[in-house]
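One structure is given below, encoded as structure tokens.
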Amino acid sequence: MAQKNVLVMINRPPYGSIYYTEGLRAAVGVTSGVDENRVTVAYLGDGVHFALTGVDRKDTDKYLGTLKKQGARLVVQKESLKERGIKEEEVGEGFEILPIKEIFLLLQGADFTMDF
Amino acid sequence: MAQKNVLVMINRPPYGSIYYTEGLRAAVGVTSGVDENRVTVAYLGDGVHFALTGVDRKDTDKYLGTLKKQGARLVVQKESLKERGIKEEEVGEGFEILPIKEIFLLLQGADFTMDF
Amino acid sequence: MAKLGFMLTLGPFQFENWETTCNIAKAALDKGHEVKMFLYLDGVYNPIKLQTFPDMPVMPKDRFAELVAKGAKIIACGICVNARGLEKGKDYIPGVTVGGLPDFAEIVSDVDRLITL
Amino acid sequence: MAKLGFMLTLGPFQFENWETTCNIAKAALDKGHEVKMFLYLDGVYNPIKLQTFPDMPVMPKDRFAELVAKGAKIIACGICVNARGLEKGKDYIPGVTVGGLPDFAEIVSDVDRLITL
Amino acid sequence: MGNLYLINKEYGENGLNLASQDKEAIVVLLHDGVYISPKLYPSKAKIYAIKQDVEKRGLSGKLSAKYMVAFSLPKHVEYIDYYRLVDLIAENKVINFA
Amino acid sequence: MGNLYLINKEYGENGLNLASQDKEAIVVLLHDGVYISPKLYPSKAKIYAIKQDVEKRGLSGKLSAKYMVAFSLPKHVEYIDYYRLVDLIAENKVINFA
């Protein structure tokens, strides 16, 4: 048994599937054990839509709050935003915009990855 | 109650989901009532992969046989093949290759459409 | 007034189709249209009456029960029901029956519009 | 030998993920690796023991039972189980238990590899 | 009676391709269908989207006429509710891609 | 220990984009992942696919080295079984996109 670093990658947008919220619940869950695993959440492809300022987050706020308290990073792939015509100022507070080469470094630093 | 012409459109390839086979089961089902509804099956987008010669059809042969006996047409969108680098000679027997404007005419002639 | 037929092929929660189906069907019933629905494939998971979740006052099955109460006729595909281990739908909400594709063929013959989700 | 963790989020039939999961897990067990699996979201539909289909000699639940027989530890997410009306998994094949995300956290701590499907 | 295309994201592109063949297409974007790039909207079609689907996704601004014009996108999207959608269904043939 | 990218069709492109950043990427195409256009395969990566997934889809010829060369596609795809996949999983870090 050992503490793990987990990169949770969310590829689906809200709300057509529940992965946008259940992926966050799983991310919080990963940190709930005695070993205090650590998570980073990365939004890739269509998943980046979750970061838009106007998204209704009433069902995800509690997970985002917990992740924030734990110091977990929420990162959004810069190229995916651009491909979808989303400007950086349309991204909500608390999300870091990172180019793919930096997201790759997070992947390199993770023990495990999960995809939603 | 009246006989209907139904265009069944299959958009998903085999076998990642069961729509490729359950869509055909539904197509056969539509024709099973007293009104003898008629069906045409159209393969669109990634759905056209079902028409490849080498596809294993052991779980769909019975539905294809029934549809053939009823004179139902199986049509494959020409543009979708081309976009996926599939040559027309790679398409199996029993499938008609039609350009989108002719598939649109089938849609115009149908009472109902279904998508799988 | 029109007769609207629905085929729903996805279950509750995971994908939004069940919710869109309920929203359209409810609006149709409110406007006085007739609704006949066939639950196919994973669609047969929707009316399980034992769904419980502390934070969610209205469960998917409650939305389907609301449609039944407003007069919708809902039939689930029996082959799909048994394949998924739901024992002929014994744990379904009242008013949802188990049938087969011939019932769907009859819906197709009967309705004025068909919506598949 | 390695410890392999799995998280499966889709149910039987509709999408192929359950089958790929069983194929990988079986090969891993055959090779002497350890398998710990967490069924999440629609994944909790897989081990329902009452699945029946005349033409299908091996049902999805049988593939999971095979994994259990070969030593896999399989836990289903209880919140997901109850939300879907599966009554704490009372109709599950033997050997599959119902737990929670803290069990998954423990799997994550314990395993050498994590596969999510 | 025209053709009413119900469009979701997953294979909505196949539906929009057919709608492009249709001189009087009416398109309704349902749930994740609102994520489809406006560049793929058929130029002659009337485009609707379900208001609550757009709003909860934070896209009200992005699908608006103002945004479309600012980015030279092809169409204005009109937001409707489920009651209006039912009227459209009753008035037209439904082409299912949702 | 390298990175083993498990790729399905749905968001496999996101995974292949990351694999393109990776000098020693190993890619395994699982189930509908075999439908992803070979043009998207990372140029430096080793590409595997599950033999039975390829065969039941009638794609054995299309993913073969011969086809790839004939159409100037970037890579040779090697077909493996689940036992070999388990070895790859045991030897590498798993990057999940399946």
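Which chain is which? They are A, B, C, D, E and F, in the order written, and residues in each are numbered from 1.
We adopt the following convention: a contact is a pair of C-beta atoms (placed from the backbone, for glycine too) under 8 Å apart; a residue touches a chain by one contact, two chains touch by 3 or more.
Everything numeric here is computed off the predicted structure, so don't read it as measured data.
Chemist: Could you name all chains that are in contact with subunit C and with subunit F at the same time?
Modeler: A, B, D
Chemist: When every step has to jump to a touching chain, what is the lowest number of steps that links subunit C to subunit D?
Modeler: Minimal hop count between subunit C and subunit D: 1.
Chemist: Greatest Cα-centroid separation from subunit E: which chain?
Modeler: Result for max centroid distance from subunit E is chain D.
Chemist: If you take the mean of the Cα atoms for each chain, which one ends up farthest from subunit F?
Modeler: Greatest centre separation from subunit F goes to chain C.
Chemist: In angstrom, rounded to a whole number, how far apart do the mean CA points of subunit C and subunit E lie?
Modeler: Computed value for the inter-centroid distance: 25 Å.
Chemist: From the mean C-alpha coordinate of subunit A to that of subunit B, what's the distance rounded to whole Å?
Modeler: Using C-alpha averages as centres, the distance is 39 Å.
Chemist: Name the residues of subunit B that each touch 2 or more other chains.
Modeler: 15-16, 18, 46, 112-115
Chemist: Quick one: which residues in subunit D touch 2 or more of the other chains?
Modeler: Only 13-14, 16, 41, 113-114, 116 qualify.
Chemist: Pull out every residue in subunit E that's touching 2 or more other chains.
Modeler: Residues 8, 31-32, 93-94, 96, 98 of subunit E each touch two or more of the other chains.
Chemist: What are all the chain pairs that meet the touch criterion?
Modeler: Applying the touch rule to all chain pairs gives A-C, A-D, A-E, A-F, B-C, B-D, B-E, B-F, C-D, C-E, D-F.
Chemist: Looking at the complex, which residues from subunit C come into contact with subunit E?
Modeler: The contact residues of subunit C facing subunit E are 2, 4, 16-17, 20, 23-24, 26-28, 30-31, 33, 112-117.
Chemist: Would you tell me which residues of subunit D are touching subunit B in their complex?
Modeler: 13-16
Chemist: Quick one: which bits of subunit B touch subunit C in the complex? Just the residue numbers, please.
Modeler: Residues 1-4, 6, 18-19, 22, 25-26, 28-35, 37, 112-116 of subunit B touch subunit C in their complex.
Chemist: For subunit B, which residues count as touching subunit D in their complex?
Modeler: It is residues 15-18 of subunit B that touch subunit D.
Chemist: Give the list of subunit F residues in touch with subunit B in this complex.
Modeler: Its residues touching subunit B are 8-9, 31-32, 35, 37, 53, 55-62, 71.
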